[in-house]
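Chain IDs A, B, C, D, E, F, G and H follow the sequence of writing; residue 1 opens each chain.
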Amino acid sequence: VDRDDVRKLLEGVRVGTLTPDEVLEHLARAPVEELGHTALDAHRAVRAGVPEVIYGAGKTGPQVVDIARALLARGQSVLATRLDEAKGAFVRDALGPEATWHPVAGVLVARRGPAPNPVGCIGVVSAGTSDAPVAEEARVVAEALGNHVLRIEDVGIAGVHRVLARLADLRACRVVVVVAGMDGALPGLVAGLVRAPVVAVPTSVGYGASFQGLAALLTMLNACAPGVSVVNIDNGFGAAYQASRINRAGEGA
Amino acid sequence: VDRDDVRKLLEGVRVGTLTPDEVLEHLARAPVEELGHTALDAHRAVRAGVPEVIYGAGKTGPQVVDIARALLARGQSVLATRLDEAKGAFVRDALGPEATWHPVAGVLVARRGPAPNPVGCIGVVSAGTSDAPVAEEARVVAEALGNHVLRIEDVGIAGVHRVLARLADLRACRVVVVVAGMDGALPGLVAGLVRAPVVAVPTSVGYGASFQGLAALLTMLNACAPGVSVVNIDNGFGAAYQASRINRAGEGA
Amino acid sequence: VDRDDVRKLLEGVRVGTLTPDEVLEHLARAPVEELGHTALDAHRAVRAGVPEVIYGAGKTGPQVVDIARALLARGQSVLATRLDEAKGAFVRDALGPEATWHPVAGVLVARRGPAPNPVGCIGVVSAGTSDAPVAEEARVVAEALGNHVLRIEDVGIAGVHRVLARLADLRACRVVVVVAGMDGALPGLVAGLVRAPVVAVPTSVGYGASFQGLAALLTMLNACAPGVSVVNIDNGFGAAYQASRINRAGEGA
Amino acid sequence: VDRDDVRKLLEGVRVGTLTPDEVLEHLARAPVEELGHTALDAHRAVRAGVPEVIYGAGKTGPQVVDIARALLARGQSVLATRLDEAKGAFVRDALGPEATWHPVAGVLVARRGPAPNPVGCIGVVSAGTSDAPVAEEARVVAEALGNHVLRIEDVGIAGVHRVLARLADLRACRVVVVVAGMDGALPGLVAGLVRAPVVAVPTSVGYGASFQGLAALLTMLNACAPGVSVVNIDNGFGAAYQASRINRAGEGA
Amino acid sequence: VDRDDVRKLLEGVRVGTLTPDEVLEHLARAPVEELGHTALDAHRAVRAGVPEVIYGAGKTGPQVVDIARALLARGQSVLATRLDEAKGAFVRDALGPEATWHPVAGVLVARRGPAPNPVGCIGVVSAGTSDAPVAEEARVVAEALGNHVLRIEDVGIAGVHRVLARLADLRACRVVVVVAGMDGALPGLVAGLVRAPVVAVPTSVGYGASFQGLAALLTMLNACAPGVSVVNIDNGFGAAYQASRINRAGEGA
Amino acid sequence: VDRDDVRKLLEGVRVGTLTPDEVLEHLARAPVEELGHTALDAHRAVRAGVPEVIYGAGKTGPQVVDIARALLARGQSVLATRLDEAKGAFVRDALGPEATWHPVAGVLVARRGPAPNPVGCIGVVSAGTSDAPVAEEARVVAEALGNHVLRIEDVGIAGVHRVLARLADLRACRVVVVVAGMDGALPGLVAGLVRAPVVAVPTSVGYGASFQGLAALLTMLNACAPGVSVVNIDNGFGAAYQASRINRAGEGA
Amino acid sequence: VDRDDVRKLLEGVRVGTLTPDEVLEHLARAPVEELGHTALDAHRAVRAGVPEVIYGAGKTGPQVVDIARALLARGQSVLATRLDEAKGAFVRDALGPEATWHPVAGVLVARRGPAPNPVGCIGVVSAGTSDAPVAEEARVVAEALGNHVLRIEDVGIAGVHRVLARLADLRACRVVVVVAGMDGALPGLVAGLVRAPVVAVPTSVGYGASFQGLAALLTMLNACAPGVSVVNIDNGFGAAYQASRINRAGEGA
Amino acid sequence: VDRDDVRKLLEGVRVGTLTPDEVLEHLARAPVEELGHTALDAHRAVRAGVPEVIYGAGKTGPQVVDIARALLARGQSVLATRLDEAKGAFVRDALGPEATWHPVAGVLVARRGPAPNPVGCIGVVSAGTSDAPVAEEARVVAEALGNHVLRIEDVGIAGVHRVLARLADLRACRVVVVVAGMDGALPGLVAGLVRAPVVAVPTSVGYGASFQGLAALLTMLNACAPGVSVVNIDNGFGAAYQASRINRAGEGA
């Protein structure tokens, strides 16, 4: 039952075609889920223009196309992540000019209706060139969700000055996503330089005792500087989504 | 050298008592740190009324008192965390009426000057009674940092309705801290119900395969619902600090 | 809102004191939780005589007494687990003759109303004397939840014949809880001898590479014999609860 | 020695061709194994119509065919799991029309004699499309073992209402298998909604800190809601087998 | 049923008081365990003079005394391991002059009948003074099981010459137990110097990244020199038992 | 310097062409290694007919051939392990009829001179067909090192009777190698049935929480039955080598 | 701003075209980073002839070529590590005769200007042939950074005499890099023989419980002999870099 | 045999009282160990004034006193580490004025003969007050081994300027020991600022996901800046010893 269904049931009570007990029984049999569903939909309604997300890993190109077409047909924009080169090209070709394919990020965006007006500012800082795919995923997703993004690349040990050189701009951001593999020390460093919350993304870049990102993850969780919270290894999407929530905090639920 | 020192050096150049090379030499010998220090101090200056934090674990009561008195003497408010019952009472007695001791949270607050005006809203939700110390640490810290806090307790498996019952209030918050041990499933659940960012705090509550909070930590990092970022196990302070950054995002660096 | 509240709202529509939109608004604001709450309560109603569980670890004796008294005052029986010797004696003394204290199991039972009629049969098999506390927790809990229990002790490497000697009885059980530490091999062995499902409980008994029960846990998850499912390390309560669900399966939700 | 052999030996004593000591010596030399074998065979005899299981991983197609043919020749039905697309097609083609190949589940069933009459009800709930292979393995195996199955798919964070929508049906099941990767929170949620035992299957779906299913496994072992027991990661077969034992509990050993 | 019971049953068949079917039924109902039990007892009979082992950890002093007295009453010698200072003294005092208490090893031996004649030679080599308790447990147990022991102590990095100085004696041993914590490198070294099998015992001696013996355990499992097999961390008893089996190999089962 | 070199040096002293100090200087500069080398060679001299081992993993086919030819040219027999199908065939073809290739074991043996007379008996027991490569590596290596081998296959949960059926033969062995993956429970079981030492080999067979053999490894280290020592995961070679040392213990160093 | 920029600003103050406040403002806006950058560059200036390092893993051949050409164009020598066979050949062909390709090490060196004069001595010792790539990476890098290298290969369990045979040479080194996989025991052994610091490199060589180099890493961190410090698994580059710092220690910062 | 013994043997050959074969036999029977011992002793002879180290953990006060007295009686200075307050005071009182007790470091030094002349410079940098015990252990040990030490304390996230303020002094050091817990990021930072090798010491300071120093250890092993090598968690002694080797590198073996 959606909101209209409940209204019709109540209307039935009002006009006398349904008794309160009949409606009660109906609600009691399937009450939580359907009203819950309504709530979720209502919740989503305010996100007009915000794309639905398809997690592309473990799906075939045609499967992604099918889901994307179904969503677009409902007037819903689409964001597909974790597509490799071949899958991304396949989906872009299938969906046509509506679709934009970001190969480094592995993300495809297909809009139905205008993009949301970008607001605020999310900084996206990455440590090395190998971290680029994760950082680009974060950037593309953050932009698709309606945020301005300030992108700062290649902030390695010999490149801290690249953060510092743009510190003024960075300090204007409401939230900073910091992407780093290996020792994962960068987010703690950035959190000591800005007042905005830092969303840290460990990456699986590294070898040996990096244990596929575990070392970077632990470093970030133990960051001496407060103001760092952490998402899953390689989860550029999740960081961007969280940063978007922070950047748009206060827009109402 | 602080800002005034640099100005004096430059003034020396202007009036001819110092050559540019002498000043250059002076800056080159110790440039980064002192200006950096200045920057940090400047950075801190805007945080008037915000307390300095003393991490009490591994310090004796008298050590905490000494540090606190030094800070208070500089006009700085003080927040001391991770104090056990005995240490907290000792410090409160030593500092006198200025100090407020929160025994469940293990936190002591001593103000110099008026508290900052609380702004916005941070939700602090906890799963079970055993998680209370961590959640209370988060609450007390968040309030001390100048935030309104909405505290919701005991949201266990049989108590999801307590979140739901206050969902409207919770949805008015700009950020929600969710504290949970054992399976750590609560933050993902809450993130599916609100639009605000969720800062998740795993606790070491549990036994056996909870591995002192590791299970909860992993659950939160893998939360199916986006909008969750995570701090260290039992780190109520860090969650509150991060939530405060989010809640006050946009106040400028 | 509980069921009666909803009926009143609907009645209001029927008699015209409320419009459908007003009721819709009311339901939309807090629908999920309250009906959910109702559902949960209804769910619990059928469990008359089944005690509520208090997890005693991390609670003081007086806290346990307070919760127990509140539950008893509502006519609810009480089962408190993970009480040490001192806490158990304290609670028993405070609650009086209604309370039965099981020191090996660390469990206290206080009934309000008659115990449920025991049904079926749950086997509880343990490997060594050190596993007794966990196995006894399982036994006491299973009996308190209304199940017949067949208890077989000390089935170590030199004692497989104790299982075999009572194989006929064991095969009459509808479910067997098997408790073992160290190498945790017993549940797989038992699962090869009986047709009933085996609920395996690894214990933290052992040293060195037992890693506080991790070795036994992994053994059980990898049991070559199918028919084994596993609960948390030392979780005698959880095994008994699950075994009770299995033993009473088919009684209706 | 099988049962008949022992009878012959005893008959020999009765008629005087063997002395008790000779028989005793014979039994003492190989007593455990052969009577044990007899016991196992007798045990299996009651499972007429229940297929033997071939674990296909690490076996070649021809090896699976050979084992299957040998079993079928003995009048035994066959269930082969963990076959990839190529192996499954090969085995199906080799065995002919008797064999049914389930490609998503990776399971092949070949019957000799009529299937067992399905009884009771096993719910099989899965979280995401990536979990489908494991859930389908559970479904196909459960059906092959003679159980009715209620299959509920795609119960992600945005899909809890799919469980709720069919809660009445689900509550009619005697046991529910819940399959989930990533945060593995679904089984705990379901266990809070039904009274039947939940057999939880963590899957290796996820990335980064999911550690190939470890995160989901730990979540399930620490589930706050009692009534959950766990099988190995990706072990759809084991969950179905255990659920079948539970569903058919009480049929006698 | 023991051997005599079976003989009586067979005799019953012989004289006609029992039918073969009656005996068959009797054996079928409880065949495995009892004959198995018989087998085990027979197996043990040849070990006359070899003590029964009581694992003392997790048992109280009086409990150990009770078990020891029961065994002694049956004419069985007793070996109790993992007793701390207080427990060991208590048990020794309770058992009287028959008992010998080895405080460094934490082992108590109480004999009934003469000790077995020591045979062969087991080398017991330990790396540092902190490893002494484990090595002494191995020595005392090995001697109690009837083996000659060659004990070499304090073979640290500066003490390899102590092994080398007694290499000729060591090479006369049939098996060498090597006990080491920290880097656990000693067993691999010894295995390169002797032709006898090396049973390696990692100890929990160390700190930090020794992870309570895990580092030493892994080193030993990966020993470059073949001829090393490993027992559990701190398991001096198990190493001695295994070494005794090796030293006495060929005495017949 | 080898033995002859030292003799020449000493002869030089005797005849007066070298002073004691010159010889001392020579020995002091490189004393340990060369005499050590001599010792090792002497040590090896007694192992006439015992092959040298080439670890084939990570070496190319031609590399293995080169090393093998060099050893054979020195009159040394060769045992090459961890060769895959292609490498094994390549090496066999290159070495000619002297070489025997064991494809399941991945082992190639090439003899120079007669094989050692096999002695004693090593039991090699394996749990499932997937464990065959490791068990066969153990068998081939044990035979190549001059031991009789009793091979027992496929002792799964439904196949314990295969061990029991040959228990008498097994009890005649001086040492038993037991190979098992998944839950790794078999070695503990066997150790309870025989008096010979058991060398346990965990295999990486399994999935999910077997963690590539870690579960089996831990089970074996925690085996309740004493008399089990463990080698590295999948290390059939190491188990055979250790078993050979045990089987031949007492032949002198 | 570099040093010259600051001098120009100060000169502006001296001549009166800039006020002290204007310069202060300029420095305050971007002070840390640029002076920091200057400092780093100055720091690097003394390293004339020392190549810049390109980490080749995760970069395509053309990407490496582009970066290398850019560096060479600036007069900077280039060291590219972690190139596989194909990438290395591609880069060498693209850069022409200036480039030297070391296939075992996976390292390419391209010089601009003369190589630094080699100084001191770095020993590079490796355990087995499988460790050669890591050890060769260390050797090539150490030589490219201007150090004499003493390379000792194949120091396995049967080859300790190769270290000992060259102990005098080795003792002349100022630092020794020791590369070892499997049990990782070699560095501790070497540290006991020389007075120079040992930089230990664990390698991922091994299988099973070597856990991709974790076992060797732990062994080295727990080495009983002091004088060992450790770099990441397989990090031949890092060991060489650190050894170069040690070998050249005292040349000034 | 020591050097003199060998000389006597050779002299015997020279004068004809011993044949070359007799000496050869003598050397062959026990050659490795004794000359090895000689070598080690000779090696140690050059370390006059350098104290012997007693690892105090796990030893009683009287045991430490006994060992210390024995060493002092041989004219050997003594360094005892890991003594707690009570043990340290006990040993100091027992040894008298020769002994100096460093309570923060937990180290006691007792000299026989003059201290070695301090040389070079070792920087010892620590991150927080909780890291002081480990850093002080490093400082006291480094000084006792004859090195100048530059100690810089409390370099937390808000204290990087303390390093920078003394960067010129630090750059004069030949090696820098950096001690840090929690995220362990400091060593990588320092390695980017100085040209000297950095010896990193992770500490067990922290909580939750610091896993008793594991997080800091991994961070340091993965440090993005080259020039960092790592010792065991909390191993201040080992870092000082290694730094001393580096600082004194080139003094000859």
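Everything below uses one rule, namely that a contact is a pair of C-beta atoms (placed from the backbone, for glycine too) under 8 Å apart; a residue touches a chain by one contact, two chains touch by 3 or more.
Predicted model only: the values in this text are computed from it and were never measured.
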Taking contact as defined at the start, I'd like the list of chains shared as neighbours by subunit B and subunit D. A, C
Gap in Å, rounded to a whole number, between the CA centres of subunit H and subunit A: 51
Taking each chain's centre as the mean of its CA atoms, how far is subunit D from subunit G in angstrom? 55
For subunit A versus subunit D, what separation do you get between their C-alpha means, in angstrom? 39
Could you say which residues in subunit E touch two or more other chains, in rising order? 32, 36, 158, 208-210, 214, 217, 221-222, 232-233
Which chain pairs touch, all of them: A-B, A-C, A-D, A-G, A-H, B-C, B-D, B-G, B-H, C-D, C-E, C-F, D-E, D-F, E-F, E-G, E-H, F-G, F-H, G-H
If you look only at subunit A, which of its residues touch subunit H in the complex? 127-128, 156-158, 182-185, 188-189, 192, 206, 208-211, 214-216, 218-225
Considering only the defined contacts, which subunit B positions touch subunit A in the complex? 43, 53, 120, 171-172, 174-175, 194-197, 199-200, 217, 221-222, 226-233, 237-239, 241-242, 245-247, 249-253
Subunit B residues touching subunit C - in the complex, by the definition given at the top: 129-130, 158, 160-161, 163-165, 167-168, 205, 207-210
For the complex, which residues does subunit E have touching subunit D? 3, 6-7, 10-11, 13-14, 16, 19-21, 23-24, 27-28, 31-32, 35-36, 38-39, 42
Complex contact set, residues of subunit C against subunit B: 29-30, 32-34, 36-37, 40, 57-59, 202, 204, 212-214, 217, 232-235
